[in-house]
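Everything below concerns the one structure shown next.
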Amino acid sequence: MMKLAVIYDSRTGNTKQAAEWIAEGMNSVEGADALTFSIADVDEEFVREAAGVVIGSPSYCALMTPQMRTWLFDKAMHMGLAGKLGGAFATEQYTHGGGEMVIQSILTNEIVYGMLCYSGGVGCGKPYIHLGPVGVNGNMEAHNRLELYRDYFVIYGERFARKAQEIS
Amino acid sequence: MMKLAVIYDSRTGNTKQAAEWIAEGMNSVEGADALTFSIADVDEEFVREAAGVVIGSPSYCALMTPQMRTWLFDKAMHMGLAGKLGGAFATEQYTHGGGEMVIQSILTNEIVYGMLCYSGGVGCGKPYIHLGPVGVNGNMEAHNRLELYRDYFVIYGERFARKAQEIS
Amino acid sequence: MMKLAVIYDSRTGNTKQAAEWIAEGMNSVEGADALTFSIADVDEEFVREAAGVVIGSPSYCALMTPQMRTWLFDKAMHMGLAGKLGGAFATEQYTHGGGEMVIQSILTNEIVYGMLCYSGGVGCGKPYIHLGPVGVNGNMEAHNRLELYRDYFVIYGERFARKAQEIS
Amino acid sequence: MMKLAVIYDSRTGNTKQAAEWIAEGMNSVEGADALTFSIADVDEEFVREAAGVVIGSPSYCALMTPQMRTWLFDKAMHMGLAGKLGGAFATEQYTHGGGEMVIQSILTNEIVYGMLCYSGGVGCGKPYIHLGPVGVNGNMEAHNRLELYRDYFVIYGERFARKAQEIS
């Protein structure tokens, strides 16, 4: 089985939910064994053996959370991520709320750690997923509820798992 | 009257519409005279006299359009933007489609041109507008139509105009 | 006197040194009273009264330090920064080491907090300072020593102070 | 032989020179056949057959050149880049001149095109190369000459070629 890890920071449960949808998509690929972990409780052994790691954070003022930033530097840097497939996702409270920039920052960090970053992009056809999926929760925008973004997270997970399998 | 310019690149009309909403918000502020311009037809004299300039582009693969990039370098650099208040906005076809990164790139360019960049941010209360407003059109996501984002563009325009007045 | 604050995170002393050069440039402008503060010891009263605040961090793997990220969210957000002039600077160990991206992230956060971000840019003539000054220390690149960048920090501080004065 | 393409936009010859150093590093890896191309004269057939593509631009006001932006959208999008290893590099006239942000933008575009982005990062040991190599030419900073950065470009090319070989 090919191990895949989806690691998140979550306060309200939105980013945890998004992580679970990604893992669901990953696990739909035969041979994939995807698990989700809160940064507070990562199974480091599993991560070390994983072919790919996807990391997600809510946007706090257009940046990743302080907890995620701290975890990336204090913990993730020492988990042997170099050479693994890397991905990122985010949640936000407004469509303009910074989720994409959070993803870009996480991917930047992953590339610095020696990972191969991949989202599928337009290369996989519609729905196009640019740098990674972003979900908007319903607190601020009445027309946006996290569930509306479910499919993007699931599809992203599936595409990511297929690529991880291909290059392993 | 304090002149304000909203300059956009638009193919399908979405970004033009967003620009007009921003100008509407600006013109709700007493003493403001806001006009919108396509990059193909900018009134350079008006821009030179403006206290503030807001620039917007659709996201094309998470970057501003080639036309906007070319205009920024060939034209905008020579329009005396230094010292003016600067802002940015974007449209995109998916919530994760790159609008925020387009805004960040435009603001980066504006700061390099010597502008003072401002969005209102959380300093103006709810709705929080982070780097600038982003609208998602309805082509790709059934639950997103540009009209749903109208208020953010109008409110952003109003906040921008008030700040321009304050520092002029 | 117009108060200006230069706030930094520093481990080895490089970013502290850069902060002091910026303050030196600021204090060369008549009427300016610039002080530097480590994030561990910020005079919040002074910051609240300041016309402008410049924030700097070393690049750790192309992101700001975890300590700076935490400080921005836990402390800076509650210091009444909205409406103040904002700037940013960075240090790094390689020319490609992420200093510019650190500055871009800090400026992004400042704009979200309602600040007006300004660097002088090409609008002030040579030396052009893009988003803010970056210094490379000598640990990794023999030809780069922080002192080589001294003038950029001083000039940046002076330009920033002049603009703060102009819009106060 | 594994084909690798290094594609650049260059006016003064600096970015062309950097591209040639990267190709030199690539060609030091057995089995690699690396060629450089100006965006004005790309051998599309070669690119389609390549296992990896590295793209570079000078920083113009902290953004890629308009010509590179246009080429990425009009040409590169239709060259079947999805699934290939992707990299980026830049040149600039000041250490703070925007090279890193140019690299980040190019990598963002490559990920949207479905590429796997890789730099080696800290995973390859010293010298650490973060998102990609940046060279500063000597026009503006007397202590910086492009030659000082030669090794980084060569080492980056070698690391990139090894990874391309590994995942092909």
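As written, the chains take the letters A, B, C and D, and residue 1 is the first residue of each chain.
Note that in this section contacts are C-beta pairs under 8 Å (C-beta built on N, C-alpha and C of every residue); 3 or more make two chains touch, one makes a residue touch a chain.
Computed from a predicted structure; not experimentally measured.
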Shared interface numbering between subunit D and subunit A [over half = same, under half = different]: same
Angle (degrees, nearest 5) of the CA superposition of subunit A onto subunit B: 180
Intercentroid distance (Cα basis), subunit C paired with subunit B, Å: 26
Residue list for subunit B, restricted to those that touch at least two other chains: 61-62, 77, 98, 101, 104, 108, 112-113, 122, 128, 130-131
List of subunit C residues in touch with subunit D within their complex: 61-62, 93-101, 103-104, 122, 126-136, 140-141, 143-144, 148-149, 152
Footprint of subunit B on subunit C - complex, ascending: 77, 81-83, 85, 104, 107-108, 111-124, 128, 130-131, 163, 167
Subunit B-facing residues of subunit D, complex: 60-66, 69-70, 72-74, 77, 98, 101, 105, 108-109, 112-113
